[in-house]
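Across the two complexes that follow, subunit A remains constant while its partner is subunit B and subsequently subunit C.
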Partner chain A sequence: MKKSKQPKEKKQRSKILAPLGDVGDWLYSNIVKKHFLSPQNFLVDDKKYKADGIGMVGSPACGDMMIVWIKVDKKSQRIKECKWRTFGCASAIASTSIMSVMVTEKGGMELSKAIHLKPEQIVDRLGGLPDRKFHCSVLGQDALRNAVEDYLVNEKTSK
Partner chain B sequence: MIKSGIYLDYAATTPMDKEVLELVHKTNILEYGNPGSLHRPGRLAKKQIEKARTEIAGHLQADPNEIIFTGSGTEADNLAILGVARAHKHHGKHIIISAIEHKAVLESALRLKNDGFEVSYAPVDKNGILDIAKFKKLLRPDTILVSVMYANNEIGTIQPICAIAKTLLSFKQKTGYPLFHTDACQTAGTLSLDVKALGIDLLTINGSKIYGPKGVGCLYLKHGINLESQIVGGDQEWHKRAGTENVSLIVGIAKALDIAVSKQESENARLSHLRDYFIDKIQKTIPQVHLNGHPTKRLPNNINFSFAGIEGESLVLLLDQAKIYCSTGSACSSLDLSPSHVLLAIGLTPELAHGSLRITLGRETTKKDMDTTIRELTKIVNHLRNISSVKIYEKK
Partner chain C sequence: MKKPANKSKFVATHIKKETPDVVTIFLSSSGQKLTYKAGQYMAVHLDKNKDSHGKFYSISSSPSEKELALTVKKIGQFSSALHKLKIGDVVYLSGPYGWFYPETKTEHVVFLAAGIGITPFFSILKDYVEHNIKQKMDIYYSNKTFQDITFHDEINKLAKVGLCQIHYHLTRDRLRYKLINDYERISISDIKKGLGHLKEKNFYICGSISFVSDLRKQLLSAKVSEDRIFTESFF
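Moving on, here comes the complex of A and B:
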């Protein structure tokens, strides 16, 4: 019975505390923590990986750099697979991880939707990010858009 | 300290020594009087402060009335920089600080700049040591103050304070300027604080870095040097720092320094051994690591590495998850998102500055802690490099 009460409380707390970057006993939200500690869909070796589109943003000098690889189902124009690698802080890693989950769940996100994915959607799914970490979600969304655009260009040239 | 996990951030702050804690607690209960009061409780409190002052002065080879108690190391730095500059501006409006000062000094200098002073930043070499030749060229007839920290809080590099003091002598003989301040927060209880041997005019110490209480610091101010108080009110501390003295914390910092000095020699030997063991092991087991700071002229408890291809905040948070507590100079850990000015000043690329990890040892640190940390750190660095978009290291 305790369990059913807890999530409600936590949601409220994260709303209030998220801008301060201090949620519960951890630095960021529990979802950020989960995706930071067990990141989903990252790609260790890209040499053998055949992607339909690749997107890259940021630079190590700026402190954040992301690469995103996508595979696309050509019939449905949905994202089948989304792999990534990130150099960056906990929220950058969590942003890319959750983004890769968001675009591949429920049969995959349509390209038309993926290209317009908003950073705010990533932040919402993460249960909030402190203001100064908002750019992490922007980078995730940029990398995805670049990958989709890369796929569309590849498609055009192959036709 | 209750040992839960491995605390390796002693340069940030130290846990309070048990003896100090008990003394602070006791003093708080017994010496409730205002040291400025004429009556007995007041006089007793005053006596405790003067006893603490004499003890601290003893460790600095100074006179008790050359010690000013403040509310923190930062406040003592502020008082030194702002207080001296504002009181001596009739002589000149130029100050020199090193490029790797603590923010307490950097921000004070910035404030002076806004008030029409000129500030020069003395560069350091790739190990973080002040370049004396370049420093000499910055000296001018209107230079009133020089501030160089004794040892750096991030990379642990120890500055040649005596040599810097010597280069100032020829200037000083003519006019008495520039005055020389050093922030010794990281060196109290580690290196000699003999202000006469060092050739120092002002020196900052902080309670929370020497197993003493937080919220107390002190400034050594050589006899005869004028200084403008930055907190105004009562006539405490010879009109140089107003506000009712915090008796228990003052007693605490004196006791803490006493204990730290008594343990200095043995702890220095023990910690520098652990430090070198750790540095050696990491350099042998993890590829593409860079030791920041001087290989030998560094604090016995300081380790600072940069790991290529990974970012420091991730590193610190994964270590935190493994109950190992250290810090980073990465931008992501700071509120302004810019990497550490110290790491950039020693010529690190922004990328390596982002990937820095500071490990600082202390009284509770054991060899077993070092071995556990080496094991966990190796695992974590491997994991973060696996998910990193920067692949610049050689995979085995």
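Moving on, here comes the complex of A and C:
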């Protein structure tokens, strides 16, 4: 069988992209693509959403803003809902989408674990992220931590 | 909801060259003294009006020090601009941010640092010495060469007072030096050898994304629980 030749253009693209990514010559994993194209738990309008804790990082003016809303089961101290919104890039969308799944699956993540969720755990679940996009996983995790802290403060003051 | 912090004006009061490509910039503010925890970081902005996140740098001073210190390695455009700062120059800071510090003072903590990743640990170490906190602490600190070791003399002094154990690693130096424990990258087998075992210890890893990711994976493979691993990747 004749070995098919790689088109010149594709070869060049591989050369350029290979050092940037952790997942071969395509920068993003299929999981990243899936969560970017179909984000989970995205909240378009928060006007009527009653959250127990809200966390925000970045600023709307510079684009990389992230807001996370959580609802907490008070008895078990587990996250039962995690909604989010960002004006960030594909990696920020995918990172936060998968993070919202991670903290709500299997009956919800305990707050004590959610507060220590690491960007590396998010990146692992995404099947990797290019190093230059690592900060995207930090955005969601920071906003989540702020939301949990916000919930804990609200709880203290309501007692 | 806690709103993102505003930018505050800081003036460079002193600049210290630490290694050929690392400087510490001491900054003071005319406003209220900044309250922070050892291990936290700040966002640095060169322009007050530009709506950018700025760049993040760990604080290398301890919270009780009069001036705020940021230790910066020259890597890209932004850090090169910081290296050009002169006494009297102004920068804008927002923060503090982050939670990269031991939350309890009872656990045996193991700090794993690569290069400039030492900065949060340096701040924590100074803070512990100042407050006479006798937490059991080991620091594994990896650098390419001996001249790349930031805070070498200060850490050694603090280690003696603070009763912490320092394990130096050099990865690309052919010469041999006193006090250097190993001439390879930090690995779990080194840590096991040094500590006896990995049980009941909290591991804090700080450095490049690959350094943090590799060591976290090695710790997980060695059956260290994810709950006992804390990370801060520099990017």
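Quick notes on this structure:
Throughout what follows, the second predicted complex is superposed on the first by the 130 of 159 C-alpha atoms of A that agree within 3 Å, B and C clash if a C-alpha of one lies under 4 Å from a C-alpha of the other, contacts with A are read in each partner's own complex, and residues count from 1 in each chain.
As a working rule, a residue touches a chain if its C-beta (ideal position, glycine included) is under 8 Å from a C-beta of that chain, and two chains touch if they have at least 3 such contacts.
Small disclaimer: the values here were computed from a predicted structure and weren't measured.
When both complexes are overlaid on subunit A, subunit B and subunit C end up sitting side by side without clashing. In the overlay built on the shared chain, the residue A:K74 is in contact with neither subunit B nor subunit C. After overlaying the two complexes on the shared chain, residue contacts for A:R85 are found with subunit B alone; subunit C is out of touch.
Legend: residue contacts after superposition of the two complexes on their common chain; A:M66 is shown touching subunit B, with no touch to subunit C. In the superposition on chain A, contact of A:K118 is made with subunit C only, not with subunit B. When the two structures are aligned on the shared chain, A:N146 is found in touch with subunit C, with no touch to subunit B.
Shared-chain residue A:F42: touches subunit B; no touch with subunit C.
In the superposition on chain A, A:I93 makes contact with subunit B only, while subunit C stays out of contact range. When the two structures are aligned on their common chain, the gap between the nearest CA atoms of subunit B and subunit C comes to 6 Å. Subunit A residues 56, 61-62, 64, 132 lie at the interface with subunit B in one structure and with subunit C in the other.
Residues of subunit C touching subunit A in their complex: 1-4, 51-53, 97, 99, 209-210, 212-213, 216, 226-227, 229-231, 233, 235.
Residue ranges of subunit A in contact with subunit C, taken from their complex: 54-59, 61-62, 64, 113, 115-116, 118-121, 123, 131-132, 134-135, 138, 142, 145-146, 149-150.
In the complex of the two chains, the subunit A residues touching subunit B come out as 27, 36-37, 39, 42, 44, 56, 60-67, 85-90, 92-93, 132-133. Looking at the complex, you find that subunit B touches subunit A at residues 309-311, 313-314, 317-318, 321, 330-333, 335, 337, 339, 349-351, 354, 386-390.
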